[in-house]
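Notes follow once the structure below has been shown.
The first chain written gets the first letter, and so on, giving A, B and C; residue counts start at 1 in each chain.
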Amino acid sequence: MKITPEEVRHIARLARLELTADEVTRFQVELSQILDYVAQLEDIESDVSAEPPPPDQPLRQDVVKPCADPSTLHRQAPDFVDGLFRVPRVVE
Amino acid sequence: MTPTVSATAISADVRSGETSAVDVVDGALERVADLDLNAFLSVRAKAARTDAADVDRRVAEGESLALAGVPVAVKDNIALRDGPTTCGSRLLEPYVSPYDATVVMRLKAAGAVVVGKTNLDEFAMGSSTENSAYGPTRNPHDRDRVAGGSSGGSAAAVAAGAVPIALGSSTGGSVRQPAAFCGVVGVKPTYGRVSRYGLVAFGSSFDQIGTLATSVEDAARLLEVVAGSDPLDATTRPEPVEELAADIDSWEPRGARIGWPKEYFATGLDPDIRRACETALQRLAAGGAEIVEVSLPHTESGVAVYYIVAIAEASSNLARYDGVRYGFRAPSDDLQSMYFRTRAAFGAEVKRRIMLGTYVLSAGYYEAFYGKGTAVRARITSDFDAAWDQVDALVAPTTPTPAFKIGEKIEDPLEMYLNDIYTVSANLAGIPAISIPYGAIDGLPIGVQLMGPPLSERRLFEVARFLERDVDSGSSP
Amino acid sequence: MKAAELDLVLDRYEPVIGLEVHAQLKTASKIFCGCATTYGAPPNTQVCPVCLGYPGVLPVLNAGAVELAVTAALALGCIVHETSLFARKHYFYPDLPKGYQISQFDRPLATGGSLAIVLDDDAEKSIGITRVHLEEDAGKSMHTESGTLVDFNRCGTPLIEIVSEPDLRSPREAYLYLRSLKQTLEYLEVSDCNMEEGSLRCDANVSLRPVGRSEFGTKTEVKNVNSFRYVEDALTFEIERQARLLEAGEQVVHETRLWDSGRGEARPMRSKEESHDYRYFPEPDLEPLAVDAMMSEGIRSRLPEMPRVRAARLVTEHGLPAYDADVLTATRALADYYEAVVELFNRPKEVSNWVMGEVLRLANERGQAVRLEPTPQPIAPADLAGLLENKQAGKISGSAAKEVLAIMVEEGGGDPLAIIKGRDLEQISDAATLETEIEAVIEAHPEEAEAYCGGKVGLLGFFVGQVMKRTKGQANPELVNQILRRKLG
């Protein structure tokens, strides 16, 4: 399975990863190799699709349990202004 | 390496007043400071002393604490309040965890004292700790060799005697493999046995926090403390935790059925490691166990399934590191370049896995990869289910080879991935597995692995303790 | 808006419209963490490590959200599946903390329901409901000169997405569907459905096909149709736009357009090639959601009577006019209030008049909704019933009763008779007293009395008015009439 440099760049865009030209070349080779390796699964019979495990979802009661101090979370932000998280503007 | 006083002994002495938690922790902090293996990413000397004093006070007030005053090291992908949780990544360098993982809360409640956070492959992605943004951890048995990974820091810290016990995490072998490379006991519990709340996610349906210790008993005691259902983790199992350490010495193999999966003894296995496994089987047979050859036909596919399903989950789990709310942000003028540049700070292996995981989930490929991967995963699980009809536990190698040289495999990702060949299946099937040190090759430790059906931890500890007793008495291997 | 042009289009093309409605569920806490969901709190104060997507946190599903979602699904006639799965939907946006939204994808909570709408000609039409699923809301982004600002208070609020079949054939039908859906969800007390606060949001899929053709044309998705006022505008805009393209022999491009109510147009959103590759896969942090038959049946048995059924019952059982029944069943709280009063004072039409009139008026004046729970507003049903009893018994006149009600509302209840006594509002029904008053009036107006006797019976009203004036409106009008007729004989 051969991945093209365009595919590498497309995937990197989806994943929001900036890649250098070297990285594109390297990932093209490495990802192709790994995909070749995992292609061995094609030969395994698996017509029965994997059923999810028996449902056993523990639920939480609808009770408010607020965070003790949200300001500790605000302080983690790289840019926090007037109670709001700020990011650079969206350029169309 | 310093001979280690066991956690069991330390806590008994602290409880009886023989020694104080403060003295024990001071000693551990000294050993940690002297350690020159890059095993720790952060040491909390002051906080640990405060915590130790608190343990002494609680003991004086009559509290009976299972791990009173025991110094413990915690892998740096497990949240510890008010301190770093870097995951070995530049992206979380500025991050301070505002909360404790459930396992950390349980450690504190049991009187254990966290002395520091240990090195790991970035976001636990790797088998050598060479993928840490903060440099590789060295193997205490040979400084030129890797400590294994991704819990390399925890394994090295325990093996070097800095702490008697440590927590690691396992997604495909990240506790057992470094334990084998460093010559300590490493436990990967049943999926859902230990809360993942506070464990930074890699492959969410595989991840499990595990224990590392110099002895089977200590590893069991630590697991007993941290295990159990947790309302903050919907995937924990509801069954109560049985006693895991008490009386494991009294178990005898008579009547037990022990299997050896033939696919684990095929080509590529180091002959000395094969011999160690055979010796273990012989000792169990000599003790009265029935030894059964079993087949796990899809073993060979394990690594491929793992590198589809776990990596798909990883690409999703790492999407949150976007520079918006916490952690590192690359300066940028617009939003998109902020994303791209911030995330460019991931290391090579993490990027590789995000790329691969994004690819297998992307439009047009989902069924062929993720769909197929989960289907084969179900087959691997049913292979094990069939084996449990025949045997109580399996004996197998932990790794194909002993610890390799630093730099030896880092340029070949696929070969590095194949290092997990004997460990991934337990993560794929969600079953418990233990690696115990069992002999050595040229001074490098060998690990023998035990696997059992879901929630059979107690049985595995009994078998492991039987083999360990054998090693202790010098009769084998 | 340009109804004439739309009519021309509709002569040649048939619009095919499906709506995707997101409704915030009325839970106290968020869907996967314990943060409050209160609207209007200072920004980023209702946040915690879980809803901010911190490293290591895990979601735990809110039982209340499941209950409300199942309630809505059952009321919409859906099949609630015993097992449904959560899935991760991936995209990068600053107000989406984890880089994915926890939603449901190929195994939703419920499928295959319907909702009836009443068209303008009173004909009924059933609109298919494709699916109802649970998901989490994102935060709120505000775009400014200095950057994008994000408030995560809303992030993690439980939502249900209700997807209709492409059964709607005009902007008007879409409006009626949305209105009916809103009333249903409000009735179920599943959602506040407040479009201004964003607790009900709507996206529309629109395509055109030549009249008589059965296969669908290429559709566009119009997002952000978040006000009842705009539903028809936005759809009309898009239908006309597509019609112009088709008339000119051009193709409709499959795309997402954003409705801009300010400019009255739906503009195409930035098209990024990868924008639709959401890379769904099953959420590994949550087990499959089990809603067994017992739970479904339990919720079904607690479903309230739906508005149209209830209105019909008020007509047949209470003998109310259809108009009254419609007004009273507009909200569940109003209907419950009305029925609580009838329970205590069994004259339905009288109660209906009072509830639709004075009670609603007084509540509006006070900026309240008429309701029973948690505290009755604007007045307890027992107090209102007591007042009506007294009026019925002739102890309070109709006009005084209105005054007394206003006082009771103001004072938070009270004994109507005591209020009457304290304020000289008690009705005079004592015949002897009234005779004295009436005699005095006749004496004071001899000419009118003579004229009345001479056949000008229309003057009776004049005498009643004079008696009322003398008694400050407290005279029992029925008795006054009787006595006057006799005296003037």
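FYI, a contact is a pair of C-beta atoms (placed from the backbone, for glycine too) under 8 Å apart; a residue touches a chain by one contact, two chains touch by 3 or more.
All of these numbers come straight from a predicted model, not from anything done at the bench.
With centres computed from Cα atoms alone, the innermost chain of the structure is A.
Of the two chain pairs considered here, B-C and A-B, the higher C-beta contact count falls to A-B. Computed centre separation for the pair subunit A/subunit C is 40 angstrom, with centres defined by C-alpha atoms.
Note on chain placement: the centre of subunit B and the centre of subunit C lie 55 Å apart, centres being C-alpha means. Averaged Cα coordinates give subunit A a centre that lies 23 Å from the centre of subunit B. For subunit B, residues touching at least two other chains, in rising order: 95, 98, 231, 234, 315, 319, 322, 324-326, 335, 339, 358, 362. In subunit C, the positions touching at least two other chains are 49, 52, 54, 60-61, 92, 94, 148, 150, 277, 279, 286-287.
Counting only residues that touch two or more partner chains, subunit A has 14, 16, 56-58, 60, 73, 79, 85, 87-90. On subunit B, the positions that touch subunit A within their shared complex are 95-96, 98, 229, 231, 234, 238, 298, 300-301, 303-305, 307-308, 315, 319, 322-329, 332-341, 343-344, 346, 348, 351-352, 354-356, 358-359, 362, 368-369, 371-379, 413-414, 417.
Those residues of subunit A that touch subunit C in the shared complex are 10, 13-14, 16, 52-67, 70, 73-74, 79, 81, 83-90, 92.
Against subunit B, the residues of subunit C that register as touching in their complex are 49, 52-61, 88, 90, 92, 94, 97-100, 148, 150, 276-277, 279-281, 284-287. Note for the complex: subunit C touches subunit A at residues 27-29, 33-36, 42-49, 52, 54, 60-66, 82-83, 85, 92, 94, 142-152, 270, 273-274, 277, 279, 282, 286-290.
The residues of subunit B lying in touch with subunit C in their complex are 77-79, 85, 87, 92, 95, 97-99, 101, 196-201, 204-205, 231-235, 312-313, 315-316, 318-320, 322, 324-326, 335, 339, 358, 361-363, 366, 370.
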